[in-house]
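Before anything else, here is the set of structures, which you'll find just below.
The same subunit A turns up in both complexes below, where it pairs with subunit B and then with subunit C.
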Partner chain A sequence: MKMSDATRLQWAQAMVVTGLVLYVPANVLPVMTMTVVGTVEPLTVLGGVEELYDSGLWPMAAVVFLASIVVPFLKLVSLSWILLQHGKPGMQRQRTNLRRIVHSVGSWSMVDVFLLAILAAVGQLGALAGVQAEPGGFFFAAVLVCSLLAAEFYKPRMIWQTNEQPIP
Partner chain B sequence: MSEPDNEIKDHGEIVAHPGLRISWAWLFPVLAALAAGWLFWNDWKSQGPEVRIEFAAAPGIEPGKTNLVYRGVVAGIVKSIQLDEKLQKVIVGVRLKAFASGLAREGTLFWIDQPVIGLGRTSGIESLIQGNSLKARMGSGPPAFRFTGSEVVPLTQIDEPGLLLTLNSANVPFLDRGSPIYHRGVMIGAVRGKSLTPSHQPVLNIMIQKEFAGLVTSKSRFWSLPAASLKLGSGMVQLDLAGIKALLLGAITMDCFGEPGPAAKDGDEFELSTNEFAARTSGTPVHITFDEGLGLRPGITELRYRGLAVGLVESMAADISTGKVETTVRMADGYERLRADGATFTLVRPHISLDGISGLETLVAGIYIDCVPGDGTHLGDRFIGRMATDAGLQDQGLAVTLHAKEIPTIDKGAPVLLRGIVVGKVKDKSFDENNAPALTLVIRPEFSKTLTANAKFWRIPATSIAAGPGVLNVEVAGVQTLWKGGVTFDVFGAAGDPAKEGTRFELFADERTARAGSPPIQIEFANGQGLLAGHTQLRYLGVPVGLVETVRPANGKVLVTARFDSGYDLLRRKGSSFSVVRPTISLQGVSGLESLVSGVYIECVAGPQGPLADRFRGSATGSDSLQHQGFPIVVRAASTAISVGSPVFYRGVHVGNVIRKSLAPDCRSADLRLSIDRPYAPLLRENTKFWDVSGVRASLGFFAIKVQTASLKSLAFGGIEFATPDIKDMGQRVAPGHIFDLNAAPRKEWLLWSPEISGKE
Partner chain C sequence: MTAIPNKPSPAWIRCPDCEAPCLDRPLPKKAELRCARCGARVKSARGTHSLQPAWAFATAGLFIAVLANVEPIMTFDVAGDMQTNRIISGVIELARQGYGPVAALVCFAGIVAPALHLASIWYVASACCLRRRWPAVHRVAGLVEMLEPWNLVPVYAIATVVAVVKLDMMGTVAWKAGAHWILVLSLCSLCAAQSFDPELVEERLEALK
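Right, the complex of A and B next:
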């Protein structure tokens, strides 16, 4: 698809904003509902971390916390910063590096969603236990997709464009 | 996109207006915002109000996890759990869902559903797995947000109960929360709990399900259904089992018995009866007082009318001040009439006596109260009960009292006889106000007319032996009278006015005393030997006609008071004579021999027609000549050997006797009083001649010695012969008591007189 840089920029910005908007429901709404021997327990992402931490699995909690909450947020924040700096001179090298990191981390970010999908598919143990995906999961995935797309739309070379210079 | 192309074609100044040209991409954040916003708004919208519920304890409730379940649907979630400031209560905050916001109203009941596994019911099994949950039953009041949770699981989890009632009962042994309430076999409610009133009376709180609430009216009766009942009766063994649930929990049955009534309201109080019969008999209470309550059992002892159970003893209490037992009896509807004034209530117990065996069925079925309705119109509620042993069941009738100096051998229940027929009973034996023994008799109503005011009562001896010449009669008046004695009565002739209630009668010792009912006469005797008060008879022509009442000496004589049987007034005429008859054995004859056996008696001879007297002079002559009511004449002689009893002859025919020998009033001669048999009275004329034929008259004839004697009797005691002249000389007939002269020997011509006298009377 041929897009002008201005269009790309706008798309990237739109995606970041969308991601930020969706980040709220993704963390507030439960991503899944676990039914274990009759107990229906809706779990948000943060709730899942808490649950893990309460169970004594704090390293796991830390990993999930980082991977599912901190990293997506950092990605969105990073992209926001990068996009805000668009067309300004300076720190262009750092921006390029940051964008590369965001882009490369993005390929792992869907692991959570994938895990959720597997859980929902496998964890159907009839009356005893069951896992059901909830809207929160959708939002979570959408946040990830948004950040991926934003990173994709915003090409590294666009970091080097400045307002003073005409488009080469 | 190729940049060199752009450069080449770029002929003008390109001004970038990045802010002006808006890409479609911006639709995404808008959409996302909208979606998120809609979601949050939806979520917020689905939240109802938060309610706070107080519990004494909230086991298994976790904030954020425990749901509030209403009709099986999650209607809210527990958001918070706190203790109040005093740490006395748990306050559970529940966020209701929007659709369930209607639960936030007064009357809504919240409870913690816990597994209950009991004998009668099992509930909350699901909470075994899911953990406890909070449940709710919607109320119907205005909105409210603070509630007090119920500590127990309500009996109806879906609907509010239709009616909450209270049952009062003496005791509620096995009924408990959850015990079902049936109406004709359909469960319409359950016991909510039992408690005590402030006066320590047990009460059951029950609830009736909404759809059955209309069945309960103010006339409804409740009774506890025994889990199992075993009935033993004659020829019957019946085991009732009321289902396994009732067996475990007990059950209550409700019925109205067809009576319409206004519908019951919440909080109405009812009585819980012990059984169906008790429930049916819940009419007006009747108080019956008994002398003792042995065997009476509240709730069991029945009131029966003609063998039919029509009531039940509800309660009983002893009154120490009166020493009686007061029972409260309730009658079944439709038998109110039985408590009309005059009704009698008799406690029937097994009774075995000589009267017979009665109330035998009570040995098995228990004692009961027999009811005989009265004939009053006013319905009473207080009665004096009686014992069946008092005087039989037919204790009604004419009551009279008998008085006597002593009343041996007669007991309560002894029969009252009239000519051998039992017409009543002795109801009571006690002292009257004068400390004299008295008997109270009750004459059965059907015989009450036979008792007249002039009736005489006497005791029936258990046995009586009547012995006389040719008679030996041993009477045993029945086993019952042998044991208890008895009383009999008779009116002896003319019936008088019917006796009134409470009339006093005298009780005589025996029939003879009773019969001797005329006014007393007094007879003076020189000698009272053999005269016994109450035994010596007065006889007239050999028939007992009266009895000596008292014998006492007075002024050197014996004064006898005697009474005649009614109808013998002729013996009380002035001029009647009385003589004591004792056995006499002499040459003159043997007389009064029967008195050897029957005792001395007084022979009476009626006086001539005239006024009655009450004092007589008796003679001690033991002569039976007095029995001859002959024509009395007097024969006067200077002196004579003829003695009383000597015969009087006419032409050799014995026509009379000498009945008395005494001095003439002037003492110059002896008077012989003769009694000439009535048929021969016309023979006595003014010129009749009397001569002495005593001894042996021997005349020495030429050829023979002729020994002439009137009779052997006259040989010993002498005799008198008389003759009457022929018609022209005989004269007029004499009056009784005419005085003749006694000649020593007849003149020859006297012996030749042979008048024709036809005037036999």
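Right, the complex of A and C next:
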């Protein structure tokens, strides 16, 4: 796939903006409804973390919290900062390092999507217990794909293109 | 054309990340050449490094990938209503509930990409180790790098643990053999990816010409 750098930049910007917009419904809407012995309980991503914390499993709650709330948000914020700084000189080394970190931790937000898939597999246990997927999961997956694509479109070399000096 | 073992004249190579020209020089053992501008690794000296570990891990990984997908991961039991869980059952259930794109994402990152990643490592490493000129090796080597961030089996393993904890609140959960295979598969994928060295592949393929 050949693409000019201007197009790449535009795509990356579009993906980050879309991701930031979708981040809201992804966290506000419930990701799944859990039915436990008759009680129906809608769960948002944060709700799922809270539930884990309440049952005393705080290390696991921390993992899910970091992976599915902090990481996607930080990823989107740092990508927007990198994109806003595009073409300006200064802090290019920092931007490169940030991009590298974002790239390496980004895939961990898939934990929640996988979790949804594993839990949804017990969906048909009748009225007694079961898990039903809800629209929040769709938005969550969309945020993830958007930030992955944004990082893919914006190549690290583009950080070093400045308006003042051409690349040596 | 015969391969030249050591290039005598200094040459410029481009940094793979920021494309700045870096001066190539012979490196002492275990040293790395880093880009002066962005700090990315440009080249490393490896000495007696080989692609055989990557080949072995990929071969083992491919067999284990089959087992991890076929064997049930866990069984879940609520009041005598028993259910077996595989990676694919989550995909099927999400698709059935009307979340096709999410199902596709799980299917890709949990089943297709890990298998393709291992298969492409296997293909390239086999070609290098057996010294065969197999078709499209360069393109497959590119595929390895493209698929690496999508090999999310280790993430899936963590998700399984969290899922078991959650399901334990609802009923009785029991680990099955598939869970062990997933753990072994994530180790195999990590080791195969770690020991697969694109520069070395380039060198070997160059020598075959």
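To be clear about the criterion, the second predicted complex is superposed on the first by the 161 of 168 C-alpha atoms of A that agree within 3 Å, B and C clash if a C-alpha of one lies under 4 Å from a C-alpha of the other, contacts with A are read in each partner's own complex, and residues count from 1 in each chain.
By our rule, contacts are C-beta pairs under 8 Å (C-beta built on N, C-alpha and C of every residue); 3 or more make two chains touch, one makes a residue touch a chain.
Predicted, not measured: the structure shown is a model, and the values here were computed from it.
Shared-chain residue A:V113: touches subunit C; no touch with subunit B. In the superposition on chain A, A:Q94 makes contact with neither subunit B nor subunit C. By the touch criterion defined above, A:T162 reaches neither subunit B nor subunit C.
Of the two partners subunit B and subunit C, it is C that touches the larger number of subunit A residues.
Contacts of A:V63 after superposition on the shared chain: subunit C is touched, whereas subunit B is not. Once the two complexes are overlaid on chain A, the subunit A residues touched by subunit B in the first and by subunit C in the second are 37, 142, 167-168. Interface residues of subunit B, counted against subunit A in their complex, comprise 1, 3, 6, 14, 16, 18, 21-23, 25-29, 31-33, 35-36, 39-40, 43, 65, 67, 74, 126, 129-131. Every residue of subunit A that touches subunit C in the complex is listed here, in rising order: 34, 36-37, 48, 51-52, 55, 57, 60, 63-64, 67, 92-93, 96-97, 103, 106-108, 110-126, 128-129, 132-133, 137-138, 141-142, 144-145, 148, 156-157, 159-160, 167-168. The touching residues of subunit A, when paired with subunit B in their complex, are 2, 4, 6-7, 9-11, 13-15, 17-18, 21-22, 24-25, 28-29, 37-41, 135, 139, 142, 146, 163, 166-168.
The touching residues of subunit C, when paired with subunit A in their complex, are 17-21, 37-40, 73, 76, 78-79, 81, 83, 85-86, 89-94, 96-99, 101-103, 105-106, 109-110, 149-150, 152, 155-156, 158-163, 165-167, 169-171.
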